[in-house]
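The chains carry the letters A, B, C and D, assigned in the order they are written, with residues numbered from 1 in each.
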Amino acid sequence: MSTVVLLTLTGLGLAALYFLIASGLSLVFGLAGVLNFAHGLFLSVGAYVTWWAAPHLGLPLAVVSGVAAAAATGALTELVLIRPLYTRHTEQVLVTVGLSLAGVALLQSVWGADARVFPRPEWASHVTGVLGAQVPDDRFLLIGAAVLVLVALLAFLRFTRYGLVIRAGVENRAMVRALGIDVRTAFTLVFAIGGALAGLAGILGGMYFTSVSPGQGVSLLIFAFIVVVIGGLGSVTGSAVAAAGVGLLQQFVNYYGAAGAGDVSVVALLAVVLLLRPAGIAGKAVAA
Amino acid sequence: MTVLAVEGVSWRIGAVPIVDDVTLHLAPDEFVALIGPNGAGKTSLFNLISGLRRPTSGRILLGGRDVTGLAPYRRARSGLGRTFQTSAVFGSLTVTENVALAVQARRGGALRAWRRGSDRDVTVRSAQILAEVRLEHRAGRTAGSLAHGEKRKLEIALLLAGDPRVLLLDEPMAGVSAEDVPALVEVIRGLTAGTGRTVLMVEHHMDVVLDLADRVAVLHHGALLACDTPAAVMADAFVQHAYLGEGL
Amino acid sequence: MSREPVLRVAGLSVRLGGSHILQGVTFDVAPAGVTALLGRNGAGKTTTLRAILGELPATGSVAYDGREILGRPTHRLVRDGLAYVPEDRGVFAGLTVAENLRLAERVPDPDYALVHELFPELATRAGQRAGTLSGGQQQMVAIARVLLNPNRLLLVDEPTKGLAPAVVTAVATVLARVAGRVPVLLVEQNLAVVRRLATDAVVVEAGRVAWRGAAGELLDDGEATRSLLGVGRH
Amino acid sequence: MTRFVPLALLVAAAALPWSTLDVPGLFDGPLNSPGTLQLLAVCLVFGALALGYDLLFGRAGLLSFGHALYIAAGAYGVDILISHYGWALWPAAAVTVLAAAGLAALLGSVALRTSGIAFSMVTLAFAEVGHILVNRDPGGLTGGEEGLPMRTAGLPDALVGVTNTVNLYWLALATLVVVTLVVHAVDRAPLGRTLTGLRDDERRVAVVGLSPYKIKLLAVVLAAALAALGGVVHALVVGGASPHVASSDLTLALIVMAVLGGAGTRWGALAGGILYAYLDQRLARLGGRLPGPLGEPLFVLGTLFVLAVYFVPGGLAGLRARLRPARDATAREPHPEAA
């Protein structure tokens, strides 16, 4: 029983990371039609800026600056690289590929290729007893952050004018424009939001893995892609559900199965979902 | 004897019926025009018949065989050809390559990875088809650079290449200028009259409909209002009201 | 009619994927009443509207209130009072009726009084997802979105497409009222609606203007309607 | 006349090992030194890999992000059969390529249920499993992060030892020729036309009576077989397999190569692959001497790539066509619209 509790909470902690990355990716794709490969770079930017700033500013402010830096990277990417390519989606994907390669290499040249020890709050190393299981507190940190983000994101989408524009834009960009709204501002905004969430994921990931390395973003990104496809492109709720499913499955199979079986099972889940519902759980039609 | 049978076919998006319980039987060599206001579901019905969409209910038979669950390409191989409302040709291939692709799709060999270009008989057949639709002077041009009317002719050439028994023509005159209409009508007449082929054609151009069709089917709000001789349909007060919007 | 046209389209051309969809379309939209843009399917009517709105790359000239607007971004044109009700309505299916309307607000005091007077049904269905509405109701949402704001020209694309006869009448009635306040450029296939609403008519054929003049004149000429539009009595 | 240029280049490339020419700046040693020959052999392998990938990307318009999986299957497959099971090279290579094609048929049949961007993501996910497995070292087969060095005892003598680098070079050149012949044969054959048709209008392909799904699957399997062949030769040239050949970075690099060279053109991807591999290796060697991020090959290549997307659409081949606009009527339109 205690093992199941621990695995569940650990799985949900991982799911929290996936969700933070996937929700931004999904919104960016849903609204702007861009599959953003540089999303993993945003994650690394958040983590490295926090790692670098923590000794100078203290951890809380360092986290804020990490998230801000990642958000700014996201917004800049949209403004400088994505926007000029307008509707040329393949080129946009290619540019994010190039950015991701160059950006990670840049981080590597500044901070080296080796993993760095990541700062974390003192209490995150403690454990709490839950139903007989000794659960490390960083799990609660991850889950709590993801739930807060989910609620905030849904509230933002539901109750604010920009949220309305984004939801409408995911459905039909051209029509939003035809109502006199400059939808490009919303593009920049979702890139910034996506960047901020990815940065947060990078920071929390750094705390969870207790280290940060330039390539960390990319490997998490791939599972986030899987979550996005399973959850349906453009759907935040879909991302949340799919992230939970993927995180739990991965943890349980990794524990009870052979090494690496968890990762394989996640991809198998993806295959099954695609065979049954090619558009994902909550998706609008993927092929367009 | 029925070549194409549409039996109680419906297609809904959510609760909204786009095609509503349509039943239609086409005999060999018959030319049926499908008319109805924009948004009546004509193209949707074509998509159901050609297999690009699956009906919510009902079935479709081709030559007596139930094809409701078959993929579009299987229906095409069973002798069903169609054109699209907006020209769908292979823009970066030449006109000849377009037709050769379609010819080989029918005869086999389109996936052959070794031999050069086409067999002699494919080349001959392609040239023959291009002559039939009067497009031989454009053979070497890329299809994307053709004028609109020429693309429509090329679409018909692609259709001919498949040697279909049943033709679905979706507004073949759309976007064609008035002076080009008679020539295109003759092309269509030539590929149907006396060939034993069956045609279902969506067309708004009433002169063309009355000229070519044996029967006229009227679709309105997804449902079939009437299917009768052109004269009878044109005289039908209900059709007048629904289609031509008279008596508003 | 000595007043300046609200919109002057001159030599408007559009090329898409190698084909020449519009080949020098030229016409004016009068500063009052309905100008009907007619023509068979595929003639280039919708393309004309979208080119005017900057949704498609075009060459030529479009002057709106005397100013050249070709190449300006769509959302700026709309903010300048050039409102658009697209073919197939462009209603956001996943948003509620109220959200669809809220999204369209461009001014501090949107005219909900007018909208609720014309479409009382929309008030009662405010919380309903627009995707679950009937076609007619969706068309009402689409028109209502535009009427919330002050406009100087309405571009309306096939508002009666796929609607039941009674709803067609209702939509035509609304458009007649709207046309009393603001000029309309209307694409329409239903000639009875055209007859009821339009003062001027422009017929497009294969990317060119084939006929221009008073709408009544065109509709009374059975031969002309048949040859230009392909519909009419035999 | 220009049709003899490729032939002349081939002859020159084949004769290159007899040249003792020293090209300072471009290469560290004379052309026939083992170091230079190995560098060139890697370039040739990447030329082959990029052209094979372009069969999918540039010709059929399938933006796969998982091509590295099949390269890794080739490299690890042949390495494992030789080093662990003591197979001889040729049967090991043949079985590996066939198995990779089989794997592609299996995974492709699932991935092709989707299209556009979702297809890209799914292929990426499949390839990532390969990457993870290789890193985990299941059953001690793959050597984990260290990679699996090729046991030379299982190789023909002619391919072993520094003095025989020249034979590896020729092997790489032969592979490039084989891949080029295959891809160009497809280009000229009905299949090439069908693939282009598929890229232009998939729906249309279906209603003329061809199954788009089967055609795409065929392209995926064929490209995978070519990738595996390239992977086999890569393992021989560099003396083993390392997890890098399974990483998504490699697939991304292939895309960069194809786009830099000119996707969908006859020679673009091939030239892009050779150029990319050369720069990658050269920059890595110069790394320490260059300031700041310029020492990171991927920084330079990534930046170059972004600039190329903006300023040189159509890549090297496009550049050539622009300089000589009247020619090259056979060149297909460059970038397929995947999204």
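Quick note on the criterion: a contact is a pair of C-beta atoms (placed from the backbone, for glycine too) under 8 Å apart; a residue touches a chain by one contact, two chains touch by 3 or more.
Please read these numbers as outputs of a predicted model, since none were measured by experiment.
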Any chain in contact with chain B as well as chain D: none
Chain whose mean Cα position lies farthest from chain A: B
Chain pair with the most C-beta contacts: A-D
Chain centre separation (chain C, chain D; CA means) in Å: 53
Chain A and chain C, separation of their C-alpha mean positions in angstrom: 42
Between chain B and chain A, distance of the C-alpha-averaged centres to the nearest whole Å: 47
Separation of mean Cα positions, chain D and chain A [Å, integer]: 31
Overlap residues in chain B, where contacts from two or more other chains coincide: 91
Overall pattern in which the protein chains touch one another (line/ring/star/complete/other): ring
Touching chain combinations (by label order): A-C, A-D, B-C, B-D
Residue ranges of chain B in contact with chain C within the complex: 14-16, 37-40, 85-87, 91, 142, 144-149, 151, 171, 173-178, 180, 204-208, 210, 221, 234, 241-242, 244-248
Residues of chain A that touch chain D when the two form their complex: 29, 33, 35, 37, 81, 84-85, 88-91, 93-95, 97-106, 108-110, 218-219, 222, 225-226, 228-229, 233, 258-260, 263-264, 267, 270-271, 274-275, 278, 286-288
Partner chain B, residues of chain C touching it in the complex: 17-21, 40-44, 131-132, 134-135, 158, 161-165, 168-169, 172, 189-193, 196, 205-208, 210, 226-228, 230-234
Chain C residues within the chain A interface of the complex: 53, 55, 73-75, 78-79, 84, 86, 90, 92-95, 99, 102-104, 106, 145, 149
In the complex, chain D residues that touch chain A: 63, 110-111, 113-118, 120-122, 124-126, 128-129, 132-133, 136, 138, 248-249, 252-253, 255-256, 259, 292-293, 295-303, 305-306, 309-310, 313, 335-339
